[in-house]
Structure formats: structure tokens, C-alpha cells
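Okay, so here's the structure we're looking at.
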Amino acid sequence: MGQALQQTKEIRASLFGIEQVVSELAVVRHAWRRRQQRSAEPGGRELPSRDALAKILNDLRGALFPMRLGPPELRQESEDFYVGHTLDTVLHSLLSQVRLELSYASRYHEEEGLHIDDRALTIVREFSRALPGIRSLLDSDVISAYQGDPAARTVDEVLLCYPGILAMIHHRIAHQLYQLGVPLLARIVAEIAHGQTGIDIHPGASIGAGFFIDHGTGVVIGETAVIGQRVRIYQAVTLGAKRFPSDDDGKLQKGLPRHPIVEDDVVVYAGATVLGRVTIGRGAIVGGNVWVTSDVAAGSHVSQASLRHEQQNPVSLV
Amino acid sequence: MGQALQQTKEIRASLFGIEQVVSELAVVRHAWRRRQQRSAEPGGRELPSRDALAKILNDLRGALFPMRLGPPELRQESEDFYVGHTLDTVLHSLLSQVRLELSYASRYHEEEGLHIDDRALTIVREFSRALPGIRSLLDSDVISAYQGDPAARTVDEVLLCYPGILAMIHHRIAHQLYQLGVPLLARIVAEIAHGQTGIDIHPGASIGAGFFIDHGTGVVIGETAVIGQRVRIYQAVTLGAKRFPSDDDGKLQKGLPRHPIVEDDVVVYAGATVLGRVTIGRGAIVGGNVWVTSDVAAGSHVSQASLRHEQQNPVSLV
Amino acid sequence: MGQALQQTKEIRASLFGIEQVVSELAVVRHAWRRRQQRSAEPGGRELPSRDALAKILNDLRGALFPMRLGPPELRQESEDFYVGHTLDTVLHSLLSQVRLELSYASRYHEEEGLHIDDRALTIVREFSRALPGIRSLLDSDVISAYQGDPAARTVDEVLLCYPGILAMIHHRIAHQLYQLGVPLLARIVAEIAHGQTGIDIHPGASIGAGFFIDHGTGVVIGETAVIGQRVRIYQAVTLGAKRFPSDDDGKLQKGLPRHPIVEDDVVVYAGATVLGRVTIGRGAIVGGNVWVTSDVAAGSHVSQASLRHEQQNPVSLV
Amino acid sequence: MGQALQQTKEIRASLFGIEQVVSELAVVRHAWRRRQQRSAEPGGRELPSRDALAKILNDLRGALFPMRLGPPELRQESEDFYVGHTLDTVLHSLLSQVRLELSYASRYHEEEGLHIDDRALTIVREFSRALPGIRSLLDSDVISAYQGDPAARTVDEVLLCYPGILAMIHHRIAHQLYQLGVPLLARIVAEIAHGQTGIDIHPGASIGAGFFIDHGTGVVIGETAVIGQRVRIYQAVTLGAKRFPSDDDGKLQKGLPRHPIVEDDVVVYAGATVLGRVTIGRGAIVGGNVWVTSDVAAGSHVSQASLRHEQQNPVSLV
Amino acid sequence: MGQALQQTKEIRASLFGIEQVVSELAVVRHAWRRRQQRSAEPGGRELPSRDALAKILNDLRGALFPMRLGPPELRQESEDFYVGHTLDTVLHSLLSQVRLELSYASRYHEEEGLHIDDRALTIVREFSRALPGIRSLLDSDVISAYQGDPAARTVDEVLLCYPGILAMIHHRIAHQLYQLGVPLLARIVAEIAHGQTGIDIHPGASIGAGFFIDHGTGVVIGETAVIGQRVRIYQAVTLGAKRFPSDDDGKLQKGLPRHPIVEDDVVVYAGATVLGRVTIGRGAIVGGNVWVTSDVAAGSHVSQASLRHEQQNPVSLV
Amino acid sequence: MGQALQQTKEIRASLFGIEQVVSELAVVRHAWRRRQQRSAEPGGRELPSRDALAKILNDLRGALFPMRLGPPELRQESEDFYVGHTLDTVLHSLLSQVRLELSYASRYHEEEGLHIDDRALTIVREFSRALPGIRSLLDSDVISAYQGDPAARTVDEVLLCYPGILAMIHHRIAHQLYQLGVPLLARIVAEIAHGQTGIDIHPGASIGAGFFIDHGTGVVIGETAVIGQRVRIYQAVTLGAKRFPSDDDGKLQKGLPRHPIVEDDVVVYAGATVLGRVTIGRGAIVGGNVWVTSDVAAGSHVSQASLRHEQQNPVSLV
């Protein structure tokens, strides 16, 4: 028996040497697993699936805005049936992704391994309850975009076309997941939008109502950023961290507040960079390409020109 | 009868509370529609579909460049059959999207509500007639890219690979739609390319032959920009508006010329920002990361260094 | 017979005038082909297919990381079967794409037209042998990202979510293809990642182990760049060419070293631009938005502030 | 212009002579249209689509039996949402198919051409109202199959597996459409089941509750057959017409009753053939392979043996 | 809140009255569930899926005959990888279908409800082990068809084209499942083949090596039939039950031997009907359309003519 | 290296014992190949693909009847473009299938191995030229069905719904392929229709214009049958072979005329069986279920009753 298999294997060694490559790839994989202290016991997939989440987000967009982002043949008179059926499907898919993340996480934090099914159910229930609030916030974002862009003709154009709105639909959902304790799912949701829009918002960022991102490509908003209401930002704006505090062992300290606070009604023009736990005060305007690493007073205007005057005492930048 | 349904509903209230969420989402939707003064009468989809336009663009790309972007099995001897059949399908799909936009627009401008079918047919006919001219312009763009990039090996590589070419295929089609009076379709077409390339060109922008965008991510070109022939720009260049004029009521005035005029043979290097209705004269070169808010003379070179000398009289930047 | 066809054609002239447009498009196509000196003889597709390469890359990702990027239902105990079967399919698809490029290239370099099948087979065999090494390098990239980002929770999150990792999977494969003599395939592979991540790495660039790109949107790395080990860069960093040398006829000289050398352990912060064949010495730090066109000493820190001091003697920037 | 097209056409005449075949096929098509007195004016599709109806039937099966023939992930608590949304989609698809048939039919019966949209809406509304009754009848068919087949283990197995049930789901829907005045749709629905099961029931046939067809392949039931309650038949049974009455001109007279009446509780075994407007009386049993062309008394048993005795006076068979 | 939903519902009552139909369908469904004594508690799908099994069978066909029924691009040198990966996928899919059937069955036989997962695993393991034997039997069927049909050119044509072979691939798999205790899965597998070929073999039937069914449409073979080696049958042959024994309460007795025994090397020509637990002796030939309800001696020939002579003492036929 | 692979293999031996099954299946496959004298050298697929032919037939149906079986959105004014493009695609697909069959056949008939590509091209060219004639014949079949069935309302209903027409579209194409020397492709085409309709026509059968099969399930027509014009047959009719002549070695003699000749205007009613090289004379009528093994005179009526009178001298039936 083994002999026959042997023959087969010799024959197939030929064209591309696949047998050899398979074997060498296995060696590399096993080396990685040993280094990462993964158990050798055979098992199935341990990780949530990006494709599954892309499908979930697509359906959630439809359930939140049925007549505009739902199926083209949908009619108003049966919206609720569509919304109900779609939610049912979506929440069950989400439930299994939540279970995957909780089960994956439990390998690192043993005490939490208990009752994964119960915790997953609770998370999805609370997520479900949060959806009407998310829709309200998104309506405020659409209004802000419509009012802030002279090229916008109607609110529906904004919802259909603006990448900033797509990014915010993903962010408001991702932020909810982040708060409910499934940060990996949240991150995947955020990265799907990042790939489609070039807008990179960490799901941890807290963003108030009526947020408008114009054009958007190159925007980066960090994990601990806090943004107020009716804030407007343009392409290539960074709300980032200045440096990463390390602990005594030289390890990065994770989770500390390290990104800006942006208060209500602030505008940040294209290419501006705001770094560190600074505060941009209510109603301030930050000009294009400006580099900010200290607080900005409420109501003030900061531009390259104004900064240059201050640079008698240049801030340390990196 | 109603009693039986009642039973059913009680039973299904359980797992995720979907019934409750559906009801609350309906409340939020209806509040939005009231605020937007949407009629309550039931009806079908009122908006063009992004998926439909993505399919249309994909097929148009094939019809314009059959041997390079058409189906892999296509042969030269039957190109015309393929082009003819594809155009027939595409133009009919486009016709129904045009009808959707005209009908949607007519809700806001009552007088135009008449004869939507006739107007849609006229628009698609004129669009059809414009296609050979669009192909010619795109050929000039390909030539420019091939000549302007030392890494380009062949014109075919440019057509297959360069995101700037993909963006221009979409833009030249979107601009035609914009001029024919369907700006929402035009915008969707532009945003599809924006999502794939990070290049954001408003369909209103007027762009001459032989335009080349290298790398492209982060480029923004505004609605009223006017660009001459053989212009070359690099990644992260903005041709934007300085500020939005408001009318006496503080409302944004829409449609005024507010973006730059860029004359023939200009080059704008990466990260440069040109704001407002300024003119970059024929053959001028704008250096990388430069910030321009006033006219640039024909044939001149503007760099960060040169600007700094002028900044005795700093321009107001925001 | 011809008469009946004639009738048909008259009838179908109607709705969109498709017959006329088909004819005019053919004229434009034939003009292009004449100008490009393409032979008029009928033939099939001459170019590799972006869709085919997208499928190949998708499968290669699975074969390299079966339990994390392979099919969700995969189990560890049958990984090798999956990897072997997937490689077999992928390498055969790749073989036919390689043949297409070699055959396309042979039209321009007649002497190479010989033995295309043999050369294609050799290329795919060597590519196959390189895969375990590519996986090892990618493991080092994942480790670097995990160690360099305080927001990263696990190595698996990095592999699943980070656009910089996606870009590097494509780059390490594209670079191998580039070195094996199929630069068009390499470029298509690179542009697929560029479209998904906004990170534009030319397949010619040489990049050492442990490379980490954070956020990534707007990054551009040129064809002749050379990057050492454990280098870290942020969004919107450009490692570009300063100017293109021309030969005596004014033609661009292709293939000369014209992009930076970045030595081991360098960090380049967001928005920095490094142009020309300069060297960033081992362990140097280049601050955000800094513009560099000359060598940077090993171990030094360059920031906007430090640069400004030197600008008594401003470097020529463009 | 025409010259360029001419060139193109000469070039592509080569490989398979497609141009010639296209031209000859057009000649044959036009000859057919002339013979069938079709107008030459260009137009779109005039006929319902088999694919569209297959999709409609598939969804209707799910809406009628959501937990058993609906989507696998469906849960009981959200059945009604699924049923409502599915019906909404299905009925709108059906509406457009009904319009196609009415509009097609109106070419032959001019007076009916009026108000096609109104009539289509009425038909679909009445069809919608009939669905609960159809489900009840199908439940009775399932019960009959379960009780009549010793191999049946559960009612769910019957619904999932038995081709006779699949045929009856299609028939009860097709019969409703037939009665509502869209016989072409009805016929397509019937033929979809015929293709899948080998059971050929004309949609005009009237069939009572609790009908069971075992095995089924080769069963034929004609347009004017009338079948009572709790009737059971086996594979290859024909309930057909003996001969077709012609009118004085030798033309077939259409629509006359010409197929059997089968009363309640009759059993017809495999291969039996019953021809003409005869009556099989209540509770009669017709044996396998028996050939019947005259009435059979209620409660009697007819077998090959018994028939042979009567064949002193052989019935005329054809 | 409820009020807003109320409004919504009134609005949507319009076009097709869907709300009303949904409600009435729910009533019918609940009546059915009450009658079938189904629990009212909400829950998910309880039944195996025909689509899932169709996919499983399709893949099993490929794993059994990789170079002829596997993917077209497969090459002999990597057969084993393909077979291994496919089996892994298929057996896991089968495992979940087996679980569904066992769990469904346990509702009717409480004691068996224990250890469903263990039992499912055992069943799939034994099924897996049986596959090489199944392939051997199918090879013998192919040989028989090739030798028995003068129109067959090669064994590969037989495997690719003959519906009798398709039916036997399904039957030999279904029979294995039937013996392992999952009769519902077995039945679904059999009905998939029945739908495609018109050949209806109950999975309980026991069939020896080298079985050949020519043409096949209309063949019916019952649950307790026992067929020897090298038997050949033609289209429309029935190996059925004569009558169903009832117990004292008039209920059908299930599971008793009630179908024919057909010994080695028998031939049964088209349309013949063999009913009841009779034995067709080794090497006998049963002529076309013959009706047999008693034993046939080994080596004998039975035809309509020969039967007619015996019909002085006619057998009772029904 | 081999050691690491060894480890992997031990690990994965677990759940289903797949490694063992893969090995045993390889043994069975290799035994089969040895017995069939297949070379052991590795190679790719040697056989045509049923899926590819199903796609080809689907497209051919559209090209033959564009407005009724083509894509729903097709319009008359661009029929020729659709037909031309579809034919181009279809004929190239067919070309590669023809090559596969010729190359497969050449393994058995060495002398024919030369010039496969040339022969394939010739076959497809002649097939292409035959298409207009095939369309004409099919038009005659549609007319016959319409005239022969009192339930048929229009010729379009016949084309859309009647399984007999579907079978004839496949047969007329398959017969052409059979005559051009690719009998395996022809057989696959025939079996696709057999699976969908239950009508089994061997591609070798020669059938005149205006052929009508009503209902159709169970019809079998053999390889050497010859059928005249305007013949009509019903379900379950067999035109078969009586017995297979063997040569002196007991081997079946292939290719001899062994099926009936049916002259013009004959009608054969349901279930009739005609066996052997007999002739049914012009205009004869064969009654239902009749069994015929000798010539039938032109114009005569044969029924069960009439036959019985002759059975003083019963024909030998098997």
C-alpha cells in the first residue's frame, strides 16, 4: 500500500517540485508556531473572517438605509420585512464571528474562557439595541456633509457618494464593537473602510455627532482621539500620537491617552498634522499643512504663517 | 387571524429583540423623511445604483479598449461584434440609470419633470456619440504617461497598470455625463475610481489631452478646475478651493469658479497644494510640498525655498 | 444574402446609433495601432490579465498562511493537502501568465522570442522554490509590526488587518517576479496592492527583513530604492527620485539608480519626503513632513526644526 | 469612415467565417419573422423568461415552507420577516413577467391590449391571496404521501425528497396562474418541474387535496383532466386524450374536455394508461400497465387479467 | 414607538396586501406544526440541506475520479493533494449534515439523543474508509457498461456520459449512508440522481458489482431489492412491491422484504415489471414489457409470448 | 526536512484518517490505469468537459434564437452584434473541446495523431457553416409541434416550453458533431438534453424536418435509426435494437444498422416499442403500447387489438 503511494509521489515530483515546496513551507510554519508557542494539536480556524465581516457590513448598511443602500428592487411598503429579515441574518453571522474572537482571546486570558456563548449573545444583543442610535448619528453626519460642501447637491448624493460617509458608517459600527469588547472585529471593520476610502480611523476613537470628512484620502485618526460635535476635517489630516511612552523595561505602554482632543465645531484643513494629547479648543480653525504639537485655544486660527511667527521658540517636533 | 400573528410575534421577540429594533429603526427613518420633507407615499427605489454604474464602467472600459481590457478570450477578428454588443447592453443600462436621476431631480425642480424619457434618450445618444472622442483623449493620456515615467516599459503596461489611467478613464466618462446634465451619475462614476485609486477628481473639472498623474494617491482636483494640455502632476497634489464665498444669508454660494486654472505643459510635484481661482502659467513648474495661493507666472519654477523669500508679505492661508 | 444583412443594418441604425459608434471606435483603434506599429494580423489576447493575477495572489496568500488566510473551513491536519493542491493550481495559472508576458515582450526583442515555453517553465520553477523564503521574510514583517505599534494586540491581528502587511505580501512576491524577468506581471501584482491599500511600492525596490509600514496610505517607494533590515515608515512617506537624467537626445534614461538607500533600523515619520540617490544612515530618524534631498548621518535625528536652522544654505529642492 | 469599417471586416473574415454565418442566420431569422407575420420594427424582449420564473418558484417554495425549504440559517423567530420580504421581491418579479405575457398576448387579441398594467396588478394580487390556500393543499399532499408509502419515515423527508411533492408545488402554483389568465407563465412553471422530475402535469388539470404521485417518472396528466381528493398514482401513468376532434376544416378544436375524470380515493398503478373523457369511479383501482379507454365503475378493480376476459369485444384503441 | 410602527404598517398594506398574506401563511404553518406536534419553541434549521448534499456529491465524484470528473486543470502529478484536500472539505461538510439528521431523528427516538457528536464522527469515519471499495465497485460498473453497449466507444465515454453510471455513483454512496444509519441523507443523495437521470433507486437496495442500466429513464428499484453481480437492465424496468402488508390495525408494515431478488448475470429488458419478493434465477432473461409476479427459473427466457401460453392460469396481477 | 514533513503527517492522521484513504484510493486508481493500459507519465486533463459543453450549448441556443433564448435585455437592432460576438466565443470554446477529443482519440488510433490542430479547425469551420441550416430545421420542428398539439397556443410557447424542442436543438447540433467526427462531444451534448428532458436520442440517429416529440419522457431513439419528415412520436416510445449481432468470437459487432427506419408522416403513440431494422411505412400509425418487431405497411394502423389477432403466429420477442 505505502509502496503504491511512494510511486505516486515519485512521479509527481516532476514539474514544479511542489512536494518539496510543500514540505519546506510546513517547516517554516511549524517554526513560526513553535516561536509563537502555539499548541501543536490539530484544530480548525481560530480567527474571525474578513470576508464574513465585509458581508455583514454590506447588509448592515442596507438595514440602516434600506431605500438608499438596500437592494434596488426594494419598495417602501415592505421595508420593515426587509430590515427584519436582514437583521436576523446579520446578527446571527455576527454572533459566530464574536464567538470566534472571544474564543481566540481566551487562549491568552484563561480566566475569560468561561461562558463564551453567553458573552457572545450579550454582546450581539447590545449591539442590536445600539443600531437606531447609530442611524441617528449617521443622519447627523450626512447633514453636516451636505451643509459643509458647496459641491453637494442633495443629502442623498452625500449618502451614496461620499467616502467620508462610508468611513463613518464603518466607524460608528466598529466603535460600538470596540466598546463591547471585540476589538479585533472592530479593527477588521475599520480596515475594510480604510481599504475602500483611504481613511484610517482606529475603532477606539470617540467621535461626536455631525462629523464631516471631505475627500478623505490619507486621513489618520488614532485610538484614543476624542472628537466633539460638528467637527470638519479634510484629506490627509492626521490626529496622531507624538511618541510612545515606554515602561521601565523599554516596552511600549499600551492603552494610554496619546491622541488629540478636538472640541466642538473645530475645522482642520487638508494635510494638517496634530500630534499628542493636545486639545484643539472649541471653534478653532487649523490651517492646511500646519503641524501642531501643543494646545490650540478655542476660537483661534492657526496657519503656517502664524506658526512661523512663534517659531522663535520652536517646539520639538519628533 | 390577528391573534395568531400576535402569537408569532411574541415568540419571536426572544433572541436578539429584532422586532423592537426594527420598530425603532422605522421611527428614525420616518423622522428623517419628515425632516427632509419626503412624501410618505410608498414607492420604489428613487436613486441610481452604484453597483449598476460599476458594471457599466467595467463594460465601457472593455468597449473602449477591447483587446486589452475586454474579455481575455477576445480575438481581433471579432472585436466589432464584441464592441457593438457590449455598447448595446451598456447604453440600455445607462439609459435606465439616467432615467432614475432625472426622475429623482424632477422632485426638486418641478418644471423639468416633463418628458423624462425623451430627455434620457437624448442624453444617452449624445453620450454614445462622444465615445470615440473619449478614446482619442485617453490614448493621448497613455502616451503622456509612457513618455513621462522612466519606469514605464510599454504603452500597454501603462494602460493595464497605472492608477492614473484608470482615474482618467473614469473622469473623461464622468465629465461627459456631468456636461450632459446627470451630475449624480457623474459623481458616482468619479467616486468608484476614487475608491480604487485614491485619486479624487470632481467630474466638473475640465482637463485637456495628454494628462498624466503619477502614483496618484491623495490627488484632489476640484469642480471648477481648468487644466490645459500635457499637464503632469504627482501624488498628493491638491487643486482646491481657498474659501467658500457665502451670500448675504451666510449660505454657501454654489457653482462659482473657485479652483485653479493650470495652463499647458505645467508640472506639479508631489504634495503641492494650489488653492483658489489662481492661474499657473504655461510651462510653469510647482515644486513638491509647495503651498500656492496666488498666480504663478508662465515658465517659472516655484519651490519651498523660493517661496520662503517672498514670505515677507505672507499670503493669508486659510 | 448581403441584401438581407443590409436591411438588418438599416433597421438597427435607430436607437443609439450604435453601428456608427462601432465604426468610429474601430477607426480610432486602427489609428492607434498604426501609430504603435502593431501588426494588423488578427490574433488573440497578447497581454497578461489583472483578474487572473488577482486570483493567483489570493490563492498564494492562502498557501503561504493556510490557517489564517486560507479557506475558513480548513483544519490543521490537512493543511499540506490544501497547500499542495493550491500551489499546483496557482503555479499552472502563473505559468500561462508568464508565457503571455514573455511572448508579448518577444515582439519587441526578437532574439528572445525563442524557447518561450522553456523559459516560462524555468521562471515558475524558481518562483516556486522561493516561496518558503518569502514566507520567512513575511513572518519577520509581522513581528516588526507587532512590536512597533502600541495598538497591536496580537500577531494574528497584524496579519489579518494591517494594510502594510498586505502590501508586503504583494511586494515580496512582485519583487521575486521582477527579478525573474517578468516585470509586467510584477507591476500588476504591485498595483493590485496599491489599489487596496494606497501603498505604492515599485516591484524593483529591494527591502530587507522586518519592514513595517504603519497606516500606509500615500506611501511611495521607487524602483531603485534599497531598504535595510527592521526599517519602519509611516503614512505618506515618499522614497522618490529627484529628477530624471536625460540622455543627449533629451530622452529619459531608464534603469539608473535614482532612489534613496535606507540603512538598517531607520525610522521615517509620516509625510516625510526623501528624494534622489541619498543614503539615510543606520538608525537615523527622519521626522514627520521633513523634506530630505541629501545624505543623513547614521544615528542622527532630522526634524523640520533642525532643518530650518540649516536653511541659511537652502538646498535646491526641485 | 465606412472604408475603415470595411477594412476591419475584411480582416476578421478569416478564422471561422463568422461574418458570413451571422449574415445567413439573419436571413433565416427574417424569413421566419415574415412567415410568422412579425412586425419588423425593432424592439426588446417580448417573452417571459424561464430563468426569471425558476428564481420566482425557488423563492416561493421558501416562502411557503420557510423552515424546511428556506435559507438554511433561517430561525423560527424571524420567519415572518423572511416570508414578507421574500414575497415582496417575488411578487414584483412576477408582476413584470405577467406584464410581459399580457403584452405579448395583446399582439394577437387587440382588444385586450388596454390597461395591461392594471390587469397585471389584479392578477398578482389575486395570486398573492391564493397562497395560504395553496400551502394548505400542499400540506394535504404531504400527508397523503407519508401515509401511502411504506418507505416514508417522516413528513419532512417527504417534503424534502419526493419528486411528486416538488411537482405538486409547481402544479398548484401553475394552476393558479392558468386560472388567472397567464397560461404561458403557467406552462413554463410546469415545464420546470417536468424537467426536474419527469412528471408532466398540464397546468390546466384540476387536482383535489391529498394527491400522491409515487416515483413519478413518466407520469403525464392532460389539460382538461379532473382529479378528486386523496387520489394516488404511480410512475408512468398517463391520463391522456384519445384523439383530437377536428372542426369541419380539419383544424384541431382546442379547449374541449378530452382527458379523464378521476374521482375521490382512486388508485392507478404504474404504467397504466387512461385515455379520453372517461370516468374512473370513486375508490376504483386501476392495475399496472392496464390500458383504459372507457368508464370504470366506482369501487371496481381493473387489471390486465380482468380486461383480457372482456376482450371478446375489443375497444378500439387509437 | 408602537404608534410609528403602526403607521408604517398601514402604509405598506397597499400594493399586494403582503401583510395580510404573511399573517395567513403564519396561521397555516402554525396549524401544521400543532397537528405534527412540533414544539413551539423558536429554533434554527432542523433538517439536512439538499444543496449541501449536492455540493458534497459533486466533490466526492471528483475525489473518486480525479482526472476525469475533477477540475479540468488538474494534473496527474498532484492528484493526491487534490484528493486529500477535497476529502477533508467534503467529510467535514458531511459531518455537519450527519449531525443534523441524527439530531432531527433524536426528537422521535429519545433514547438515541445521547452522544450525537460521537455517533456522527463514527459514521463519517466509516464512510471515509468505505470509499476505496466504492471506487472499485464503480470501476466494475463502468466495465460492464462498456462491454454491454455496442454504441460505447471507450470506458471514459461511459464514465463521462452514461446516466446509469451517474445513478450508480450516487447509489453506492447512498447505500453506504443508508447502512451507516442516516437514511434521510441517503434518500436525498438518491433523489438528486433521480432528478438528473430519471433512474429511481432506493438507497436500501443491495446491488452487486458490474451493474449496468442502459438509457435508464423510468427505472424504479425498491428498498428491499437484492441484485447479484453482472446484472443488466434497461429503461423503464420496475423492480417493485406487489402490495403492502398491513398489520391488524390496517397500518402499513414498514421494512419487510417486499421487492425482488435478482441473481447473477440476469438481463431485464426495457419496460419489464417485476413485483414482489420473487426470485429471478441466475442467468435468466426477462423480455421487454413483460409483467412478472412469480419466480423465474435460472437460465430461462421469459417473454410476452411465453407468458401468454401460461395464462390459462393467469396470475393475479394487482 | 523530510522529518518535519513526517511530523506533520503523523499529526494529521487523526480525525478521519484521510491520509490512509488517499493512499488507498491511489492504489485503486493505479490498478485501473494498469488494467486500461494507461501510460504512467504525468499529464493533464485528456477529456472534454461536460460543463464546458453545457455552456457552449447554452450560448448556441441564444445565437440561434437571439430574441427568444438570448439574454433578456437584448434588442432586435443589435441582434447581429450579439450573434457575432457569441459565435466567436462559442466557436473558440468548441475548438478547444474538439482538440481534446481528437487528441484523446489519437491515443487509440495512432495514425490519426497528426495535424490535430488543423483537423480541429476544419471541423469547427464546417460546424459553423452548418448553423443556418440547423436553425431552418429547428423552425420546421417548432411548426410541427404547434400544429400537432391542441394545447399549444403560439409558436413561441412551443420554443420556450416544450422539452421535445429542447431535445431537438441538442440533437441537431449533436448529430452535426457526430457526422464531423467528434462522437464523444456529440454524445455529451445528447446526454445533457437527456438529463433535462428524459428524451434519449443517440447523436447518430438521422431525423428529417418537422419532427415532433410530445411530452417526451422515456423516449429512446437508437444510433442507426432513420426518421423521415413530419414524423410525430409520444412519450416512452422506443426505437431500439432487437438484439446485438456478435462476431465469431462472441464480441458485439459495432456500427451495423440495427434500429428502425420510420418513413415520412408516421405517428407513433405513447409507450410503443419498435425494435430492429424494420421499416414503418409512410403515413402509418402505431398505436399506444404496441410492440413491433417487423415491418409495418405504409398507411396502415397498428394497435394492440389488431396485433392480438395476428398472434396465432407470435413473433419472437427477445
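To keep things simple, chains are lettered A, B, C, D, E and F as they appear, and every chain counts its residues starting from 1.
To be clear about the criterion, a residue touches a chain if its C-beta (ideal position, glycine included) is under 8 Å from a C-beta of that chain, and two chains touch if they have at least 3 such contacts.
This is a predicted model, so every value here is computed, not measured.
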item: Required steps from subunit D to subunit F (each step between touching chains, minimum); value: 1
item: Between C-F and D-E, the pair with more C-beta contacts; value: D-E
item: Chain at maximum distance from subunit D, centres defined as averaged CA atoms; value: C
item: Interface numbering overlap (same over half, different under half) for subunit B and subunit C; value: different
item: Whole-Å separation of chain centres (CA-atom averages), subunit C against subunit E; value: 53
item: Length of the line joining the C-alpha centres of subunit A and subunit C, rounded to whole Å; value: 25
item: Subunit B, residues touching no fewer than two other chains; value: 5, 8, 11-12, 14-15, 18, 22, 24, 26-27, 42, 73-81, 83-84, 88, 198, 217-218, 236, 271, 289
item: Subunit D residues touching subunit A - in the complex, by the definition given at the top; value: 71, 73-75, 77-78, 80-86, 88-89, 92-93
item: Residues of subunit D touching subunit F in the complex; value: 15-22, 24-29, 32, 36, 42-52, 104, 108, 183-184, 187-188, 191, 194-195, 198, 200, 202, 204, 217-218, 220, 222-223, 236, 238, 240-241, 244, 252-255, 258, 271, 273, 275, 289, 291, 311, 314-318
item: Of subunit E, residues touching subunit A in the complex; value: 5, 8-9, 11-15, 18, 22, 75-81
item: Subunit A-facing residues of subunit C, complex; value: 63-64, 66-68, 72-77, 79-80, 83-84, 87-88, 91, 121, 124-125, 128-129, 131-132, 135-136, 139, 150-151, 153-157, 160-163, 196-198, 215, 217-218, 235-236, 269-271, 285, 287-289, 301, 303-305, 308
